[in-house]
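Order as written gives the chain letters A, B, C and D; numbering starts at 1 within each chain.
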Amino acid sequence: MASERPGWRAGLYRLLDPRARKQPGLSWLNRLIVVLIVLAATLAVIDTETAISNAHRAFFATADLVFALLFLLEYVARLWVAKENPHYAGKRWPALRYALSPAAIIDLLAILPTLLAWAGGGFVVLRLVRVMRLVRLAKLGRFSRAWLYISEAVWSRRTELQLTLAFGLSAMLLSATALYWAEGQVQPDKFGSIPRALWWSVVTLTTVGYGDVYPETVVGKFVAAVVAIIAIGLIALPTGILAAAFSEAVQRHKDDER
Amino acid sequence: MASERPGWRAGLYRLLDPRARKQPGLSWLNRLIVVLIVLAATLAVIDTETAISNAHRAFFATADLVFALLFLLEYVARLWVAKENPHYAGKRWPALRYALSPAAIIDLLAILPTLLAWAGGGFVVLRLVRVMRLVRLAKLGRFSRAWLYISEAVWSRRTELQLTLAFGLSAMLLSATALYWAEGQVQPDKFGSIPRALWWSVVTLTTVGYGDVYPETVVGKFVAAVVAIIAIGLIALPTGILAAAFSEAVQRHKDDER
Amino acid sequence: MASERPGWRAGLYRLLDPRARKQPGLSWLNRLIVVLIVLAATLAVIDTETAISNAHRAFFATADLVFALLFLLEYVARLWVAKENPHYAGKRWPALRYALSPAAIIDLLAILPTLLAWAGGGFVVLRLVRVMRLVRLAKLGRFSRAWLYISEAVWSRRTELQLTLAFGLSAMLLSATALYWAEGQVQPDKFGSIPRALWWSVVTLTTVGYGDVYPETVVGKFVAAVVAIIAIGLIALPTGILAAAFSEAVQRHKDDER
Amino acid sequence: MASERPGWRAGLYRLLDPRARKQPGLSWLNRLIVVLIVLAATLAVIDTETAISNAHRAFFATADLVFALLFLLEYVARLWVAKENPHYAGKRWPALRYALSPAAIIDLLAILPTLLAWAGGGFVVLRLVRVMRLVRLAKLGRFSRAWLYISEAVWSRRTELQLTLAFGLSAMLLSATALYWAEGQVQPDKFGSIPRALWWSVVTLTTVGYGDVYPETVVGKFVAAVVAIIAIGLIALPTGILAAAFSEAVQRHKDDER
């Protein structure tokens, strides 16, 4: 079979795996796959708007099947070329090893629902399927260096991020306790318990401030003001640290490439 | 005609193009044009408030025409001096080449609507005309170094900005999906599809939080809280990176000038 | 008694005090105590939600007592090993000295309420007890380096933080005065005095923006817009400074450890 | 008179002007004045809350007079010691020159209203007086280095701040225009003119988001989402730049002091 022709397989592997190319950037096949994933995700998003999708049922159903078949083709191709991957060199069952890698499982999860729904899936599973197809977006990450940079940034500052996250969450909990104490009696449905007051905490300390919950008494407003001024600063710490680390990680890689 | 007198034309060119001057800063003519553009834009903005503009119809109409004529004069002057521009030196049709440059097209777009409206434009085009005149503001950019710095900052960090924007938009989409799953059944008009839930995503993750949409169930609030804490950090990444890059770009130019 | 056997006491001291260990990290006993504190705090938080706690009264009461007894055991153990603490070496009454340290007082406060409530505490004190038990969370700080880093960061930039806080609070007060002047007559219940307008100030300048108070007149909106654009920048200054200082403090300690 | 005794005057001058002291920090007299100003400002703020001030009319009136007399005493003392100020050395009329300096005018403005109100001021001027007394707070600035640092930070980055402010305001104006175009017909009272849409712009791009104005149509929401994601980043630029510059200014002074 095709597996007898290593030339073809090696060529396809170079087209599929960006790390196997000599030039930087993506091959035409990878570019095509990126476009397909973005198109499939966009369609999956619009599909949830029943006002649109019900009016064009046939189109959405066909497009869904076409994308599923294309991604199935890509999945099979990736299984076939796994033998060329230097990562599995000299190991047995390269295709199986690849199939059990997280990236391959995401790929499979993105195809299966549509195929199952066509093979006889009922109405109940439909809703879940729609959302799951968005997992296809995660494949975009495999093509870009973004995941590498972000994970490097997070790893290099893991101490700071852990500490500031712990501080932020403690600040959130203590703010909720303060408001539970100050407003719990006046607005029992909104501040009547610490878990309820936590919703106020999150909405306020992230500065979203929907306006569905806010203190009404003078004491509550005073406590909320003091808490907000102190805690908002703590909540913003991780973002500042992450931004600096991310910028550093990208600059380091640029220097390496020179 | 005037094109026979290169002394006059060269002098006017030096008055109009800041790059042709030896001293830093703007010539008196450029300062005047900046003031005219700001005045014209302010008037265009106030003009949209019909309570004011209808009461002073004659004043606004006259001012509009005066500004259009002044900008027409400037446009013709710029066409005439294009021959002096070293950028077009030795090339044919300098005036035509200039007229096709983006800056000149913006200038023309800012004049045309008023003239067309006076030449016989009807009622329907009026609304569009008002808004289009704001394009005049973009001319301000040509006089300042701001565009240069911003574009340099964006270019020097294009990798980071692309990656963080992609992350931010993915975070937005995944948040919308999570809330569509959690609240879609309870508030179908607000979270009943992913495109609808995206409005919640944008309003929450930018921390604007109007309060027109927010989760109401316990599950929805929990999902929204987790999503908000994680995603707000991601959304803030590009801003931090852009601020650092912009500051660097300006400092670099200051060092050059010394 | 046990105090005759210094080997046991010294071993227990090494298990309890992270600074007495040679290896970095926490001993198994300290890890266990962290887990217990997190569990106890989580339970105390859920306990305030009467819908849940009333349905499982027996479980919450038992868990509360178990945690109190475990923390009592820990408290007594810490008193017993105080003699081994080099901090109190050569001083008299080491256990008493330890008992008067802030950390030990927090520990005692976290145990006492439950024991008092069981010993015969009535209904009135119950509410206060629930909230006070959250103080147990503060014990987490003793195990981590977070407090050290945060206090170092705050201390190294105390000048900047003091100044920017003073500026931020002044900006808040002046904004409130401006809105009191602009909207006081129109919305007397919301802007009728500077203390009332301060609530608007806090909610706006922290960008929370609940939507319970906002200017309604044209003058009020204009003043609020100008004030918001200027003052929000001032309010954000301390956060930026603190984030940079915190990141520096952590990096400095990492360099020391190498 | 007293002006014959230069020893006393020179001593008082050293107590009043922090720059005349050899040691860093404030003299006991300056500390007292700071406390008096903070007390007076706090009282002026509480005084606007008529529910409190009417119930304690006599107390507030007396306190007001006492503070005014104390500040009058300080004002006269500062006029008297102006002769000692090296800034006015060898110049004529040092007291008059001092009286015309901005700091002295602020001092006078903070005293005059109360004295005028007592000398026979009517009911109408009362409201203005209350707010004006807050100007006393500005005197705090003279004692601290904060104004120096902030003005240095603003000055060292004036180019960046000007450019980013211009960008931010343009982004605000263009956002308002976009929403005026998208929502003007549907919500004429909120988006019916660009000045009205500007209120939406300010509230959204500062991420305050009261919730009194927001787009309701699909087109409006789409435009608002795109505009918000782009423009919020631009609005945040000046803050980031100012925070960095302020931190630098303080560090530079610390190095100088060593």
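Assume a contact is a pair of C-beta atoms (placed from the backbone, for glycine too) under 8 Å apart; a residue touches a chain by one contact, two chains touch by 3 or more.
Since this is a predicted model, take the numbers as computed values, not measurements.
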Problem - Any chain that touches chain C and chain B - result: A, D
Problem - Identity of the chain that, by mean CA position, is farthest from chain C - result: B
Practice task
Give the pair among A-D, A-C or B-C whose set of contact pairs overlaps with that of C-D by over half, matching residues by number.
Solution key: A-C
Practice task
Go ahead and note the Å separation of the Cα centroids belonging to chain A and chain D.
Solution key: 45
Exercise for the section: Would you mind pulling out the distance in Å between where the CA atoms of chain B average out and where those of chain D do? Expected result: 32
Exercise for the section: Two or more other chains in contact with one residue: find those residues in chain D. Expected result: 198, 207-211, 240, 244
Fill in the blank from the handout: Listed in rising order, the residues of chain B that touch chain A in the complex are 157, 159-160, 163-164, 166-167, 170, 173-174, 177, 180-181, 192-196, 198, 204, 207-211, 214, 221, 224-225, 228-229, 232-233, 236-237, 239-241, 244
Problem - Sites on chain A touched by chain B in the complex - result: 41, 44-46, 48-51, 131, 134, 137, 140, 144-146, 149-150, 168, 198-199, 202-203, 206-212, 238-240, 242-244, 246-247, 250, 254
Practice task
Would you pull the chain A residues touching chain D in the complex into a rising list?
Solution key: 207-211
